[in-house]
Amino acid sequence: MADAVIVVALLAVAVAATAAVVNRDPARQALVLAVLGTALAVLFTVLQAPDVGLSQLAVGSALTPLLIMLSVRKVRRRSAHGKDGTQ
Amino acid sequence: MTPRVRLWLVCLGGGGLAALLVAACLRLPAFGGLWHPYGDRAVRTSLARHTANTVASVNFDQRAFDTMGEMTILFGAVLGCVVLLRQARDEHRDPPEPCEVVPPVRRYALIVLPVALVTGLYVIAHGQLSPGGGFQGGVVAATSLHLMYLGADYAALERIRPVEAYEVTDALSASAYLLLGLAGVLTGTAFLANTLLPYGTFNTLSSGGTVPLLNAAIGVEVACAVVVLLARFLDQAVEIEEAKGEMSAP
Amino acid sequence: MNGWIPAATVVLAGGLGTTLWGVSTGGLGRRVIAQNLSTALVCPGLLLLAQGYGRTSYVDLALLLALLGPVGTLVFARLLADDLAEENPAGWGPTWAAVTVGVVVVLVLCAVTGPGRAMVKLLIVGALLIGGNLLASRALSGGFPGVGRG
Amino acid sequence: MSSVLHVLPYLVAAWGFLAGCYGLATSRNLIHAVGCLAGCQSATYILLLAVGYRDGGTAPVFSDIRPGSRPVVDPVVQALTLTDIVVGATVTALLLALTVQIAKRHGTVDPDELRELRG
Amino acid sequence: MNPRRTLLAVGGVLAWWAALVVLWLMLISTVYTLEWVVGAGAAGVGALVARAGRQAVKRR
């Protein structure tokens, strides 16, 4: 029965990784990456690596989404300005 | 190369790689096996040096030189970001308008900010005892400061976060790690050897010799590095405008 | 073999399954709600795992998730405020369901732990989790009305 | 069940790596490509931790259990992985900084358009 | 700054400090002197940041 939780976590990570690739819009991908980070943290916990799980939670839940969303915002604003400038 | 040809190439290469990977997976030692020679040795050494968290012992004692390499990558990556995201000559700073946030969100941010900061410090301080350590706690502490941006606005964050101080502290804590290593050489053993301090009582904050000190140095370094990194991204995303955009900006 | 790990398996399978489905399909508003619920459902799972493995130090994982998960949702609520403005996703039904799961798990674990500092730690995790989640839901349904470019 | 479990973690790692590679190669947006690379990275974490797992083991952290009372999993791979997660995040940040710079200089983040720009 | 406001500010910081020390004591597993010292220091940093955050939000 202890193996069942490992299988669940592994399958969740596999599905989340696939979804992160399939969602092509960066903002939506960032949302999937946040859930992938949480799923990875669960997997690391069931593989008895709480240190690694903490590391993944610290990075994956807030830091990576913030970095990606700030880049998305900058790029979007840049292209919006670029269009205005050429018109 | 057209996208179509490229897709075929990717499928071909990916298929070959997949076949090789599956073949390799089938020959790997079965998952959950009982034979871990390095792990057993690491656990023995860690217990001999009174470090309760074996992972911290591996990071900051048995493979401390490796961690120095990781720290250098971290430092270099942050330096690269600072250089890449600096304000260019054709850009100017445009202070953002103050932003409206509903009161519950602001209250939440103001309450959780110190709680998250203290939790981050707890994770750093107990790195050699319970799960955690400088890498994890540093990120938590740095993230907590950015609640000011989420709960108020960028100007409020800038008031509690002087970036220059964090840049200096980043460099200082990185050098502190090196100096602790050199102290080992000066006392007659080896670089980063854990012989400087007594090993202390098992499972207390002062146990493990130099492990808590190296751990704290990494914690401060990671926290400052993340703050500096996010400061550059926030500057670019929120404040820095391009000269071309001036005409369209109100 | 104890019953905590099967319980954790059920909570995690249900939580990760529904949130993965929600976060990878549908409109932006629904995806952000699903991301918020992933915190609310995984955190009780982690608490149950800590109890099942008999390791009190694993509670730190749930503590960190309860602290930082809502912060991640606030990041999305803040930086996607313009896109979410017309949708105003609330999703109070699923949110309250997730909160109920969290409350039940925390209370059961408190009853098993018995009075002491470990119980207070569990209560802190529960308070941070539930407060954070309700607040993140509030922020999603129009928490940043005046974010033009701030 | 158990014979499947003996290779499943390695197969999930391989799947995650290949899916990330596919996303990298077919991406039309550099930010999306950086996200796919992060997926590839997480595959390496799974592989490392799967190698170090021991059936019935617990974490090699002795703050709340007596040393030697329970079998423990391999701490060496955990140490490798945990530093890599934080350092990997800063490397992701470096790549995102490059993307922002490309967007500024060329006005696009689509790799195909960038190739056309160069001629 | 008049004495009344100074007193209020000091009181606010002290209240935060006490609350954060209690939080620290709840997080740790065993209590001993060094733990008190480190916890008090960390809570002090947290209390000062809490005060700075409040000021930063007010002054806009």
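Which chain is which? They are A, B, C, D and E, in the order written, and residues in each are numbered from 1.
In this section, a residue touches a chain if its C-beta (ideal position, glycine included) is under 8 Å from a C-beta of that chain, and two chains touch if they have at least 3 such contacts.
Chain labels with UniProt names: B = Sodium:proton antiporter; C = MrpF/PhaF family protein.
This is a predicted model, so every value here is computed, not measured.
Among the remaining chains, those touching chain A as well as chain C (MrpF/PhaF family protein) are B, D. The pair with more inter-chain C-beta contacts, choosing from B-E and B-D, is B-D. Using mean Cα coordinates as chain centres, the one most removed from chain C (MrpF/PhaF family protein) is E.
Our note on geometry: chain C (MrpF/PhaF family protein) versus chain E, Cα centroid distance of 27 Å, whole angstroms. Centres computed as Cα averages put chain A at a distance of 11 Å from chain D. Chain centres here are Cα averages; for chain A and chain B (Sodium:proton antiporter) they lie 17 Å apart. Averaged Cα coordinates give chain A a centre that lies 34 Å from the centre of chain E. Residue positions 53, 55-58, 60-61, 63-64, 68, 71, 75, 149 of chain C (MrpF/PhaF family protein) are each in touch with at least two other chains. For chain A, residues touching at least two other chains, in rising order: 2, 22, 30, 48, 50-51, 53-55, 57-59, 62-63, 66-67, 70-74, 77-78, 82. Chain contacts: chain B (Sodium:proton antiporter) has residues 53, 55, 98, 109, 115, 119, 123, 126, 130-133, 135-136, 139-140, 143, 146, 151, 153, 203, 226, 229, 233, 236, 242 touching two or more partner chains. By the definition of touch given earlier, these chain pairs are in contact: A-B, A-C, A-D, B-C, B-D, B-E, C-D, C-E.
The touching residues of chain B (Sodium:proton antiporter), when paired with chain C (MrpF/PhaF family protein) in their complex, are 96-102, 104-105, 108-109, 112, 115-116, 119, 123, 130-132, 136, 140, 143, 146-147, 149-151, 153-154, 238. Here chain C (MrpF/PhaF family protein) touches chain A in the complex through residues 1, 5-6, 8-9, 12-13, 16-17, 19-20, 23-24, 28, 31-32, 34-35, 38-39, 42, 45-46, 49, 53, 55, 57-58, 60-61, 64-65, 68-69, 71-72, 75-76, 79-80, 83, 149, going by the rule given at the top. Within the complex formed with chain A, the residues of chain B (Sodium:proton antiporter) that make contact are 53, 55-56, 123, 131-133, 135-137, 139-140, 142-143, 146, 226, 229-230, 233-234, 236-237, 241-242, 244-245, 247-249. Of all residues in chain C (MrpF/PhaF family protein), those touching chain D in their complex are 53-58. Residues of chain D touching chain A in their complex: 1-2, 5, 8-9, 12, 15-16, 19-20, 22-23, 27-29, 31-32, 34-36, 38-39, 42-43, 45-46, 49-50, 52-53, 56-59, 61, 72-73, 78-79, 81-82, 85-86, 88-89, 92-93, 96, 99-100, 103-104, 107-109.
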